[in-house]
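Got a structure for you, written out below as C-alpha cells; questions coming shortly.
When the chains are written out, they are named A, B, C and D in that same order, and each has its own residue count from 1.
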Amino acid sequence: MSGREKILNRAVKEIKDGMCVNLGIGMPTLIADRIPEEFDVMLQSENGLLGIGSYPKESEVDADLINAGKETVTAKRNASYFDSAESFSMIRGGHIDLAILGGMEVSETGDLANWMIPGKMVKGMGGAMDLVQGAKRIVVIMDHRNKYGESKVKKSCELPLTGEGVVHVLITDMAVFEFTEKGMELVELQEGVTLEELKEATAASFIVRESVK
Amino acid sequence: MSKIITSLDEVLEQVQDGASIAVGGFGLCGIPEKLIIALQEKGTKELTVYSNNCGVDDWGLGLLLQNKQIKKMVASYVGENKTFEKQFLSGELEVELVPQGTLAERLRAGGAGIPGFYTATGVGTEVAKGKEHKEFDGKTYILERGIVADFAFVKAWKADPFGNLVFRKTARNFNPTVATAGKITIVEVEELVGAGELDPDEIHTPGVYVQHVYEGKTYEKRIERLTTRKEA
Amino acid sequence: MSGREKILNRAVKEIKDGMCVNLGIGMPTLIADRIPEEFDVMLQSENGLLGIGSYPKESEVDADLINAGKETVTAKRNASYFDSAESFSMIRGGHIDLAILGGMEVSETGDLANWMIPGKMVKGMGGAMDLVQGAKRIVVIMDHRNKYGESKVKKSCELPLTGEGVVHVLITDMAVFEFTEKGMELVELQEGVTLEELKEATAASFIVRESVK
Amino acid sequence: MSKIITSLDEVLEQVQDGASIAVGGFGLCGIPEKLIIALQEKGTKELTVYSNNCGVDDWGLGLLLQNKQIKKMVASYVGENKTFEKQFLSGELEVELVPQGTLAERLRAGGAGIPGFYTATGVGTEVAKGKEHKEFDGKTYILERGIVADFAFVKAWKADPFGNLVFRKTARNFNPTVATAGKITIVEVEELVGAGELDPDEIHTPGVYVQHVYEGKTYEKRIERLTTRKEA
C-alpha cells in the first residue's frame, strides 16, 4: 500500500455517520470516494454547496455547479445552495463537524502551515484560515517527510502559518498524532513503521500513548 | 421606475478611473461576464477590485489585468493567472490577500452598515499583522473592517424589473453578498422576467440593493476544471 | 383640516417615486394610503417584507403575513420576504431611502425621543433605534405641543433618546423644520400659523429660512 | 441519520433549569407554538429567553411567563403583555431591551462565530451605556456581542429529513437567524417532506444548523391585529 493510500484509508475513519464535513482541495478530496455508502455524510463546499455529489456524467455537466476546487460536480439528495457569507457562517460558527486539510508543515503545538512558500508565487489562503478556526475538528493529512527526506512534522513551523494551535489530528504515511492538553501524542503507527523509525523521521517532540507502546 | 437598462455602456459611464468595484463569482463560475468585457472596452484604469479570485489570463477579471486596468486586487486566491503573477512580481499590481470567509464577511458587513467585526480567522498569522487584537471569553480575535465599494458587479440567473434576484446553484457564491456592498449595484442576468413573476419567498436578493439590471445574451460560462465520471 | 391631516399631507410629499420607505407604527402607517398611485414606492416592514400592499380582504387574511405593527397585510407586486437579520442589513446599511417615524420630543440638535417615558411601563424600542441610524433620511412627524400645550420641540430632549442628531426633517401641525449644518431651520409654516405663534409654541431655538420670511 | 422526532418531550429532556433559549417569531407570527406549549408542560425554570417579543398573556412566550419559567428576557418590544408588566415591575423578571436590528445581528453573529461587532444603533442612548465606543471614519459606533444560546426553538413551514428548512411569508422573521444561534436547534414544521423534495436553490436554512425536526399538527396561528379592507 502506498503512503498516500495509508493516509487516505486512515483519514476516512475520522468521518462518522451523520457528519457535515469539509474536504480540502487536493488529496483530501479523494477521501470522498472512500466514505462508507451506508453513511449519511454531507460534504460542504465553501463556494456554497452542502451535499456534494459525485462528478457528473458528461451529459450532466453544469458550469453553474462546481466545488471549491473549481471542478464540476453534482449535488446529492437534500443538498442546499447558499451564498459565500452564509457558507462561512457555517464554517466560522462551528457548524461543520470536521475539516480534513492538506499540510505543508505541522508543529508539535498544533500549528499548521499550508498556504504559502516564501519566495514562490503566492496563490492565497482561500478558505483554509477560516476552516482551521471554525470547524469543530481539524484533521491534517500530509506526507511525513518532504522530497529531501526532511521532517514536515516540526518543533515549530518555518513556513507562514495558516493557524496557530488549530490541529486536532495529524495523519501521515508514518503515524497518527492527536493534539491534546498533554501536547502532541502519538496514537498510531502506520503498518510497517517502528517507533524508532518514526522518531528518526520526526523533528517534533511527541509523547507516546500507552496503547502504542 | 424600471431599473432595466438595455446597454451597459451608459451605466458604466459612471465608473471613473480610481473607482472601487466588488465583483461576484467564484473562479469563473457566476462571474459578471458582460460587465467585465464592457469595462475592458471602456478601459477605466486604476481600479481597486474586491473579488474572491482574479479570473484566468484570458477570461473574467483576467481581461482587466491584461489591459492593466487594476491597481489593487483584494482576493482570497489568485493562483490560476500568469498575468497576475507577472504584474504582482513587477510591483505593478498591489495585492491584499484576505481569507475567503473574512472577505465574504467584510463585504456582508459593509452592506449591512457594520464598520468592523471580530473574527478568529487569521489570528497568529500574517493576516493578523497590524490589526487590533481583542479577547472575548478567553479567546483571541482580530478586528476586520467592512467593505463598501463604489460599484458592485453582480451576475444573477433571473431578475424582475425591480431588481429582485434569483441565483442558480453554486453560481450564487459571492454574488448576493457583493450586491449589498456596492453604492451602485449593477446586475446582469440570463433572464429578465415580468413584474410579479418571481415568488417573493424564493427571492435571494431583494431589489432594494440593486440600481441597474441588464439582460445578457448567450453566456459563455467557461468551465475551469471539467471533471466527469463515466456514463453508466 | 385637522392638525393630523396637515401633518400627513405634508409628510407624504417627502416620498418620491422609486423610493424604498419605512413607515413607523401608528400615525406614519396612515401615510401609505396617500402615496400617489402612479408612484412606484416599496414600503418596507422590518419584520421581513419589502413591498407592503393594502390590508387584505377578509377572504385574503393570512396569519403568516403581517407588518411591523402586527397588522394583517398583503404583499404587492415585486415584493420579497426575508429574515430579520437581512431586514436590518437593509436598514442599517443605508439601503432604505426614507423612514418616517412618530416622535415624543425632538431637540434643536436633531435628537429624537420616541420610545419610552420614565415611570411608565417600558415597551421597548423595537426597530426605531436601528432605523434612525440606518435609513438615508429620517423624517419625524408629531404634534407640536403635548396635551398640556407644552412644546415637544425642545432645546434638548428630556425623555430618553432614540438617537442623537438623527432627524433630517421634522413635520408638525404648525411647521416643517430641516436640520442642516446651520442648525434647526424653519422651512415652512403650516397653513394658518404665523411665525409669532410658532415662536410662542416652540421651546427650541431655530433659524428661519429666507423663503419663509 | 434522520433528524425527525415524533415527540417533543424526549428532546426537551435536554433542556435543564437555567438554560438559555433563542426563540423565533415576531409578535405571534411564526412562533414555535408546539415547543412553547411542551416546555410549559415540562415546567423548566430559570430560563433566559432571547426573542423579539414575549407573546401575549395567554399565548406564545406569555405561557412561560404565566408559569414563571422565565428568569431573564432579552427582547426588543414587550408591550402587549400584562403578565410581563407585573413580573417586571415586581422585579421577578429581569429584562434586557435590545434594538431589534441589534438583536437580529447579535443572533446572526453568534451563529456565524463572530463574538462582537460595531453598530451605530443605540449610540447616545441608554443602550450604549457601559459599552465600548469606537470611531470608524469619523463616526462613533458601539460594540455589541454575538449571542449563542443553549437551544434554539424554530418554527418553519416545511422541512426535509436532513432539516433543510423553508419558511412562509413574514413567518420567516427571526426564525432563520435564531436557527443558527442555538447549540441545539429544534425545529417544528407544518409539513415534513420527503428527502430530496425541496429545491436546493430555495432552501432558506440549510440543515447543518438543525439537530431535530418535529412535524406539528393543526397550527393555531393566532392573529394579533386583524385588519381588513372591504371586499370589492
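By our rule, contacts are C-beta pairs under 8 Å (C-beta built on N, C-alpha and C of every residue); 3 or more make two chains touch, one makes a residue touch a chain.
Note that the coordinates shown come from a computational prediction; the quantities given were computed from them, not determined experimentally.
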item	value
Comparison of B-C and C-D by number of C-beta pairs in contact, larger one	C-D
Rounded Å distance, subunit A centre to subunit D centre (Cα mean)	35
Separation of mean Cα positions, subunit B and subunit A [Å, integer]	28
Touching two or more other chains - residues of subunit B	105, 108, 112-114, 119-120, 167-169, 172, 200-201
Touching two or more other chains - residues of subunit C	75, 81-82, 88, 91-92, 133-134
Chain-chain contacts as defined at top	A-B, A-D, B-C, B-D, C-D
Complex contact set, residues of subunit B against subunit C	1, 108, 110-114, 160-162, 164, 180, 195-196, 198, 200-201, 203, 206-209
Contact set on subunit A toward subunit B in their complex	45-49, 54-59, 61-67, 69-73, 75, 81-85, 87-88, 91-92, 111, 121-130, 133-134, 160-165
Residues of subunit D that touch subunit C when the two form their complex	26-30, 52, 75-79, 85, 88-89, 95, 97, 99-105, 107-108, 119-127, 167-177, 204, 221-232
Sites on subunit C touched by subunit B in the complex	17-18, 20, 40, 42, 44, 50-51, 75, 77-82, 86, 88-96, 133-134
Touch list for subunit B against partner subunit D, complex	105, 109, 112-120, 134, 136-137, 139, 141, 145, 166-169, 172, 200-202
